[in-house]
Amino acid sequence: MFKSFATLLALVSALTLSSCTSGEPNPNASETLQQKDSLVLYSGRSEELVQPLIEMFEQESGITVEVRYAGSAELAAQLLEEGENSPADVFFSQDAGALGAVSKAGLFSTIPSELTSQVDKQYSATDGSWVGVSGRARILVYNTAKVSDLPVSVFDLAKPEWKNRIAIAPTNASFQSFVTAMRVVEGEAATTSWLEAMKSNAVIFEKNDAILNAVEQGVVDAGLINHYYWFAKAKEIGKDKMKSKLAAFESNDLGNLVNVAGAGIISDNSASRAFVDFLLSNKAQTFFAEQTAEYPLVAGIDIVEGLTPLTDVRNPKVDLSDLDTLDETLELIRAAGLI
Amino acid sequence: MLMQIKDLSLNYGDQVVLNNLNLDVNQGELTAVLGASGAGKSTLLRLIAGFESPTSGEIFIDSKLVSDSKDVVAPEKRGVGIVPQDSALFSHLTVSQNIGFGLPKGSDARINELLNLVGLSEYADRKPASLSGGQAQRVALARALAPRPKLILLDEPFSALDAELRARLREDVRRVLRAENATAILVTHDQEEALSLADRVAILRDGKIIQSGSPTEIYNSPVDLGIATFLGDSILVDGHVEDGKIITALGKITPLNKVSEGQVGVAAIRSENFYLQPNPSGDSEVIGRVFFGHDAVVEVQTPKLKIRARSNGPFAPEVGMKVTVWVRGAVNFYPSS
Amino acid sequence: MRKPPALLKALGIVAALAALIPVGYLFFRLGAGSEKAIEELFRSRTIELLFNTTLLVVSVTLTALVIGFLQAWLTTRTNLGFGALFAVLATLPLAIPSYVMAFSFTATFPSISGFWPSWLVLSLATSPYVFLAVSAALVRTDASSEEVARTLGLTKWQVLVRVTWPQVRPAATASSLLVALYTLSEFGAIAILRFDTFTRAIYNAYRLSFDRTAAAALAVVLVLLTLVVIWFERRYRGDYLSISPASQKRVRISLGKARPLAVTGLLFIAVVAVGIPLYSLVNWSIIGSSTADLSQILEALLGSVSLAVLAGVAITVFALAIALWIVRYPTKLGRFVELSVWANHALPAIVVALALIFLGANLFPWLYQTTALLIFAFLILFLPNALGTMTTPIAQVPKSLEDVANSLGVKGNRSIFKVVLPIAAPGILAGAALVALTVLKELPATLLLRPTGTETLAVRLWSATEELAFSQAAPYALLLVVLGGLPALALNRQARKALSEVGK
């Protein structure tokens, strides 16, 4: 029976093989832009967050939007499988990594420079295939009752005194982006030794919010998270009830890395451009700042109370476009035994 | 005495199943407990086997108390084997594994002995699913006998089989039990089975044993009308005692039991007590006949009542013939209370 | 022997081909980068994954088997007391998605992670499969052979091992197969509890490095593991034994001094498997500002129910066709169809979903992102669940009944509709309920394949937790558990039906 099973298997794979089209790079923006009054959006950002924004956009532009919500990585995988035949017009991703993967497969159209120019270059793709929309900073969260001596650099966390006191989420994309930055800036050897130190010092979590909860409950003393988780939690339970605080590392420290959520255009048409334009509008930028406590990436927008301005975040000089080499980072994280 | 049951009662809530039942079973004997369905026969066996505990009363095996209302010796410690109605073989084991189930490892000799005894040697490696009903019962019997229990319980073991097989298997069971010198209790609703097979018969009715004795005693002297009609085909005829004889519509009949002058009651006449004399001027007429080969049951309309008579098969009178009805031998007379 | 009706064959072959799509897709992906795939496989990490996966599958399967078997035996055969209540408690974990259970555990004990909690959560989440199958088998088997065994000198514990177990072994091993494959394909709970298995590695390959070749290489190993598990099950299942009607009056086995221990044990399991998740869900709902919108909840509820019903009906039709085929007209082709249906049951839902995305977007755009394609994915994913539940009741309808029906003038194969299906109906409905329940809980394939805008409770639950708002997730999770409780209770009733008919 296994024999006939194998035969059929071969048959099916042959069938799928012959029917597949190889992925050629997308031709860049056509001469005459296609006019459309409807839009299919793949959103890796959640419905709770994005839906009010969509409604605003629909009212303003008269364009109807169909949104497909799922995880950014899952949507990127979906886009890769769909290839040329994707029904999507725009991909709105939670992080730069998923955008990079789609960009590498040549599935994005180049975004017009009048749009990309609104955002500081360091927060968009160098080739203009995607644009940053909002930013988040890596930061240290610590339980005020348990930590008095704050680390100066993220490398201090590798010291023995932090054994079993620091929480990280190695499978989380933001953490991996941060390690990628470390790899790009400090090299593989330094990164590996930091990761190995984490193997013995760190308590492992799956997600940032789990780290924050654990720090709040005093299960671990401190953790590496994105800044906005703290503001969301503070909003949910009240700022005065928070048992933890945020602390940035020293100037230019990798621990302060700012990563972005961004958008790329799959099918270049008037509606797609209008939507990206809207994401960069004052209204949308203010919305992100207020709803998620993220950093607006377009200049001149107010940020949430208590948050250090983006220009004052002593951010390391890292090109986010270099952070699409997640594979190699994962190798290091795996080799260190963290995932 | 191997087993003794004293004043055994079992109630399920308000429902009385057994009511002060007493029963003795002697070593090496086969005792049949005869009762209608629902009389509590199977429950009695379950109590003896230790699956249920009595509401009151005691059960002794080998003079040792094994059940009372407080304490019940576990089934595996009583030395009582059981052959259930549906044989209940272990369907995942072969015939010889079934027989050897209660034996220590390495008891092949005993298994073979029993396989021979029940005539199933060539089926040793079969699975129960491939056995006929009669074969399955033989395996069940061999399995129960294998560890040489003190007592074997047979729960209507022949009821699911057809008539011919039943008769043959009965003989086999009798033979096997004798060969093993086993003490056994058979419960059944079939009086023929009980009478032909058992050394002693105990009649269970309304949750108690109302009569026990040898098959002949039971058959010849049922203690009441109910048993009389239950055991064998009896015709009930009103009568009274006059000069030591019973005067009935069928004439004067000799009483089998003790009667007193002037008593009024009912005579129970068995079908084999009738003799039909062909007589063209007789006052009775044959109105039906069921032929069994070796004998026949003939239905006769007498001037006053309808009777059934057992007659020698080939010579039985035919339907429509005129006959004179005689009663042979003595019959039991039950005075009205 | 009669020939299988053409309709059965057609449905069966369609299902088998559907089942082979994901496997075919994997080989296609491997073909596109075979060198890289081989490199991926020959790394020490693969050995580690193999070890972890095997460890988890074996330990979870054995634990679920022991828990489910004991629950079934205690509630159907002994004087435990509160049998019906404990049976419901043993079934309820089925209504709790394993990711919800895992989440509630980490919410209650934030520091847990790794093998032990993964083992615990999955064992508790899957033991109902064993419990239901073994309960049904115990209720059907004849208790009198167990009593005979007592008279042959066995204690009640020896009877449990030497007589009761062999009788329910086919049901127990068949349900263990479901447990093993469930564990192989589980992602949500393991991701939350952070234990590295093949499935987690496959998800990570897709989600973190967008590496489809590596994912495919790992997934092919998973398929091979599945075949090994199926082979083991076939080998150790034993023959289905003829079932004698349970006419005997049952007297419940007295547990004696072990009774308080048994009650405590079952209560403990119920508290951990049902109590902690429910407590945690209720807690989430109370803490924080629960602002769930009623119309959104209703929309998601409607979406979940309609998908579950549609998938339940569609999968039942296919499962019935295959079950009838393999039971009534055993042919080589039929067995092959059955094997292929099972072969990809351990594949993570994301692999099946991506295979259908690839096929749908590029070959059948008119089907892509439609409910039909989503139901098709559910068919591939959950047909084995239905098949496992429905085959036994159909096999138990005596063949002679069909002959009787034919002799009474029912034409040929129409006896299936006149006799077999009506008699097996309760078991068939149970299978449909199980499928509906599984579809209710499904997330990854729903998320990727649903028509844009279709909402289900599981999708809502996911999107609420994505944004950190546990309090908003709680109503969806609670509703999902309550909704899932209905088919779970129906399954429990079905499994224990004969019990009330036979008496106390």
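To keep things simple, chains are lettered A, B and C as they appear, and every chain counts its residues starting from 1.
Everything that follows uses one rule, which is that a residue touches a chain if its C-beta (ideal position, glycine included) is under 8 Å from a C-beta of that chain, and two chains touch if they have at least 3 such contacts.
Because the structure is predicted, anything quoted here is derived from the model rather than measured.
A.B. asks: Common contacts of chain B and chain C?
C.D. replies: none
A.B. asks: Looking only at C-beta pair counts, which chain-chain interface has the most contacts?
C.D. replies: A-C
A.B. asks: Report the inter-chain centroid distance for chain B and chain C in whole angstrom, where each centroid is the mean of the CA atoms.
C.D. replies: 53
A.B. asks: Using mean CA coordinates as chain centres, what's the gap between chain A and chain C in Å?
C.D. replies: For chain A versus chain C, the centre distance works out to 35 Å.
A.B. asks: Cα centroid separation between chain A and chain B, in whole Å?
C.D. replies: The mean C-alpha positions of chain A and chain B differ by 87 Å.
A.B. asks: Looking at the complex, which residues from chain C come into contact with chain B?
C.D. replies: These residues of chain C touch chain B: 142, 144-145, 147-155, 163, 166-167, 169, 238, 241-242, 244, 247-248, 251.
A.B. asks: Report the residues of chain C in contact with chain A in the complex, numbered from low to high.
C.D. replies: These residues of chain C touch chain A: 16-17, 20-21, 23-25, 27-28, 31, 45, 106-107, 110-111, 113, 191-192, 194, 196, 204, 206-212, 227, 287-289, 332, 335-336, 339-340, 343, 350, 354, 357-359, 361-363, 365, 368-369, 444, 447-448, 452-453, 459, 463-464, 466-469, 471-472.
A.B. asks: What does chain B use to touch chain C in their complex?
C.D. replies: Residues 46, 49-52, 74-76, 78, 80-82, 84, 86, 88-93, 101-102, 129, 140, 143-144, 146-147, 149.
A.B. asks: For chain A, which residues are in contact with chain C within the complex?
C.D. replies: 1-2, 4-5, 8-10, 12-13, 15-17, 19-21, 40, 46-49, 66-71, 73-74, 76-78, 80-83, 85-87, 97-98, 101, 171, 173, 176, 203-206, 209-210, 213-214, 217, 219-220, 229, 232-233, 236-237, 326-327, 330, 334, 339
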